[in-house]
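What follows is a pair of complexes built around chain A, which joins chain B in one and chain C in the other.
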Partner chain A sequence: MITSIIINGILIGLIYALLAIGLTVIFGVMRIINMFHGEAVMLGMYAAFVLFDKFGISPYISVFLTAPIFFVLGSIIYKFLIDPIPAREREITSLIITLGISFIFATSAMYIWSADYRTVTLPFSQDVMVFIKTRIGYPALISSCMSAVMIVGFYLFMSKTYMGRAIRATELDKDTASVMGVNVKWISIATFGIGVVLAAMAGGILSPIFYIYPFVGSNFVIKAFTIVVLGGMGSVTGALVGGIILGVAEALASTFLEYSMKDIMAFILFLGILLFKPSGILGGRTRL
Partner chain B sequence: MLEIKGIDSGYGKIKVLKDITLKIEKGEMVALVGPNGAGKTTLLKTIAGMIVPSKGDILLEETSISGMPPHKTSARGIAYVPEGRRVFSAMSVEENLLMGTYLKKNRPHKTESLRMVYDLFPRLEERKKQTAGTLSGGEQQMLAIGRGLMMRPKLVLLDEPSLGLAPLLINSIYKVLERLNGEGMTTLLVEQNVKKALSLCKRAYVIESGEIVMKGPSEDILCDENVKCTYLGI
Partner chain C sequence: MNILEIKDLTKAFGGVVAVSDLNLSIREGIIFGVVGPNGAGKTTLINVITGVEKITKGSIFFKGSDIGKLPTFKRSLEGITRTFQIPQCFTGLTVFENILIPLLLRLPKQEAQLEAARIAERMFLKDDLNKQAQMLSVGRLKLLELAKAYATSPRLLLVDEPMGGVSLDMMDSLINLIKSLRDEGITILLVEHVMKVVVALADELVVLNFGKQIALGAPQEVMKRKEVIEAYLGDEYA
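== the complex of A and B ==
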């Protein structure tokens, strides 16, 4: 039984990791605590829901179709609402602004789609496969695999492409990056756009296995923050490790304690890591 | 190549540089020496575009680059090798060097540029997969210079390449600078190590409290009584 709990925990943990990567990158480069992240997940879920409901497009495909729209949305938010903030007030003001934006989007979602819980029911939603005596639902399996592929893809983007390296260099030392020819302002806008795209894609990938409702974002943003702190801020591999730890911890708590205890695991881990290793598990400063 | 015409510059309201005029010909290696806090780094940062001068003009090959942001001056051919190395510590040696080819025009020359830097500093090739933050101070300085050269610059601004290094390492860095000078690299070298800088460069400027107080051939400056007693302790 314990293996099946852990396997299921890892599967959900991979999706959590994807959820956290956008946040960790935005924090790493711009030192912005992006409260809008959860609503980006929510919007990604609704986008997947609408495209599935109206046009029958599978969420696993529609996440790629909607990505450019979310990139533009993220860039606009950064350019017009966050970039104008003077540098010394950045951290607090950007937190309040992104929190405000997230309220606007959450209440708008309620206005448009009502407070009803929505689901994306795929033809194979009820199908199950058995792996080492573990029952795994097909949607969960596909969602996890897709998250894993996207995490690897993002890692390669950050380590092998000029733009990825420029994002990391900007994260480490803005002044020196600009001397190398990096337009730091443009990289910041693009990074915010990429962060929002990653959140929305995680939302789309989550849509077949989670309920969709207007305030679902606040639930995810807490998990994402826990993972970022757990793995070390700004680190992609840290987010992967943190996501899996949170997934497994939640799976263990819901089995051995009580299902309702699941959601407090994030806070317990959060407090634990702040007490014993505030720099995060992979610690150090901004390793990829 | 580079012409600075009476610039004033500084940080916010604090004026550091007063009416600086300086000229570098193509292929020349010029030293800028002076005590701590004289404004040497401020001048380099102003040329690189990190600080906008409040007065005067900076010309690179007869075009004004004054007030251009650093990502534009670097595209014009200026490579600033900052004081204290400033390597991207969490990135590998090779990734650091590749940041020098970030500009689109330099990307096609990636392989030859890497070859050139590795020939100049074989140590960097041995350590190319290593994280830059784990290198020794001397190796980081080589990396910072190598990263600048990857940009195939018209003008290199070198800020205190000998700072905090052991004498043996300083010598090996200077050997490379000498070789680059021989190959016709145009360089403005900022140093506190006056003797070292003046032995390498044919011409020098002395800066004190934000003003150029002396300029001319290195031999003349080395013979000056004031310089002798202030900088060389003779």
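== the complex of A and C ==
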């Protein structure tokens, strides 16, 4: 039984990790706490829902089709609403601005799609496979595998491409990166766009296994923050570790305690890590 | 041929004029010293040349092109780079990784690693490769600053007070290193407080005081001028 709980926890943890990577990258490069992150997840879910409902496009494909739109949306938000804020006021003011944007998008979603719960029901939504005596739903399995592939892809992007290396250099020291020839302004805009894309893709991938409603983002933003703090702010590997820890902790809590304890686990882990290791599990050491 | 020409350059911060109507021509392949008392505008001059600060008035030409409006990263790509007075190492990374970052932006990983090792050896940092950068002494951090700047393949290197907080032994190493960079063809603009070093290194020297140029010429000759002695020691010594 423990094995199946852990397997299920790891599977959901991989999706949580993808959810948190965008947040941690934005924080790492710009030291911005992006409260819009949850609403980007929500918009990703609705985009997947609409494309599936109207055109029959699977969410696993539509996440790639909508990615450029979310990149542009994120870039516009950064360029016109966050970049003009003077550097010394950016941390707090950007938090308030992104919170305001998230309210606008959440209430707009309620206006457009009402408060009804929506679902993306795929032809294989009820099918399961058995792996080491564990029943795993196909949608959860596909979503987790896709998340894992995207995390690996993002890791390779960060370590192998010019853009990824420039993001890392900017994260480490903006002034020095600039003197080394990195266009720090463009990198910041692009990083915010990439962060929003990752959140929206996570939302699209989550759409077959979670209900979709206008304020669903607030649930996910709390989980994403917990993972970022758990793994260490700014660390992609930390987000992966943090995501899996949260996924397994939630699975254990919902089995051995009460189902309602599942969502409280995020807060318990959040407080625990802040008390005992504020830099996070992988925080305090940067690696190229 | 002049690699850098500064014409009527003024930089003001509100009512405070840090650099005032400055005109300079720097020949390619020399060490050009910039000295002056505290507040003379030396670091501001580096900041405006690299684009960290915007020009209030005037123009800057690099290899004949006006770069006054280019952002910092474009000036770096043109071949202008700098070191910082207070070393700005990438905290949390090793010495090797610090040198590797600028190279990774230009070269494939394997080539970048080989080049980083070569630069580390050239900058006397071979024994520190695996140390955390923030654990280095001030002197070795200054070497690391030079190594990172050198890794960007500069044509004009602006070096901001490399001898500050450095031991006498290390000073000799730094002097030899800076000379060897010039001999390699890199033009160096050297801002420095330690006069012995400036006189030993500079081919040409400008003295600034309150943002204005008060003397320009060969170091030995400039340092004897009345207005320079006045600026440094006061009227009674002039």
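Criterion: the second predicted complex is superposed on the first by the 284 of 288 C-alpha atoms of A that agree within 3 Å, B and C clash if a C-alpha of one lies under 4 Å from a C-alpha of the other, contacts with A are read in each partner's own complex, and residues count from 1 in each chain.
By definition in this document, contacts are C-beta pairs under 8 Å (C-beta built on N, C-alpha and C of every residue); 3 or more make two chains touch, one makes a residue touch a chain.
Owing to the predicted nature of the structure, the values given are computational and were not obtained by experimental measurement.
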So, after the overlay on chain A, do chain B and chain C clash or fit? They clash
Looking at A:Arg165, would you say it contacts chain B, chain C, both, or neither? Reply first, second, both or neither. both
Practice item. Kindly classify A:Ile142 by the partners it touches after superposition: chain B alone (first), chain C alone (second), both, or neither? Key: neither
**OP:** In the overlay, answer first, second, both or neither for which of chain B and chain C A:Ser178 touches.
**Re:** both
Please work out whether A:Val228 is in contact with chain B alone, chain C alone, both, or neither, and reply first, second, both or neither. neither
Dual-contact residues of chain A, meaning touching chain B and chain C, are 162, 165-166, 168-169, 172-173, 175-176, 178-184, 284-286, 288
Per the touch rule, the chain B residues reaching chain A in their complex are 48, 50, 69-71, 74-75, 79-80, 82, 86, 88-91, 95, 98-100, 102-103, 107, 147, 151
Interface with chain C, chain A side, in the complex: residues 160, 162, 165-166, 168-169, 172-173, 175-176, 178-185, 284-286, 288
The residues of chain C that touch chain A in their complex are 50, 52, 71-74, 76-77, 81-82, 84, 88, 90-93, 97, 100-102, 104-106, 109, 148-149, 151-152
In their shared complex, chain B is touched by residues of chain A numbered 159, 162, 165-166, 168-169, 172-173, 175-184, 284-288
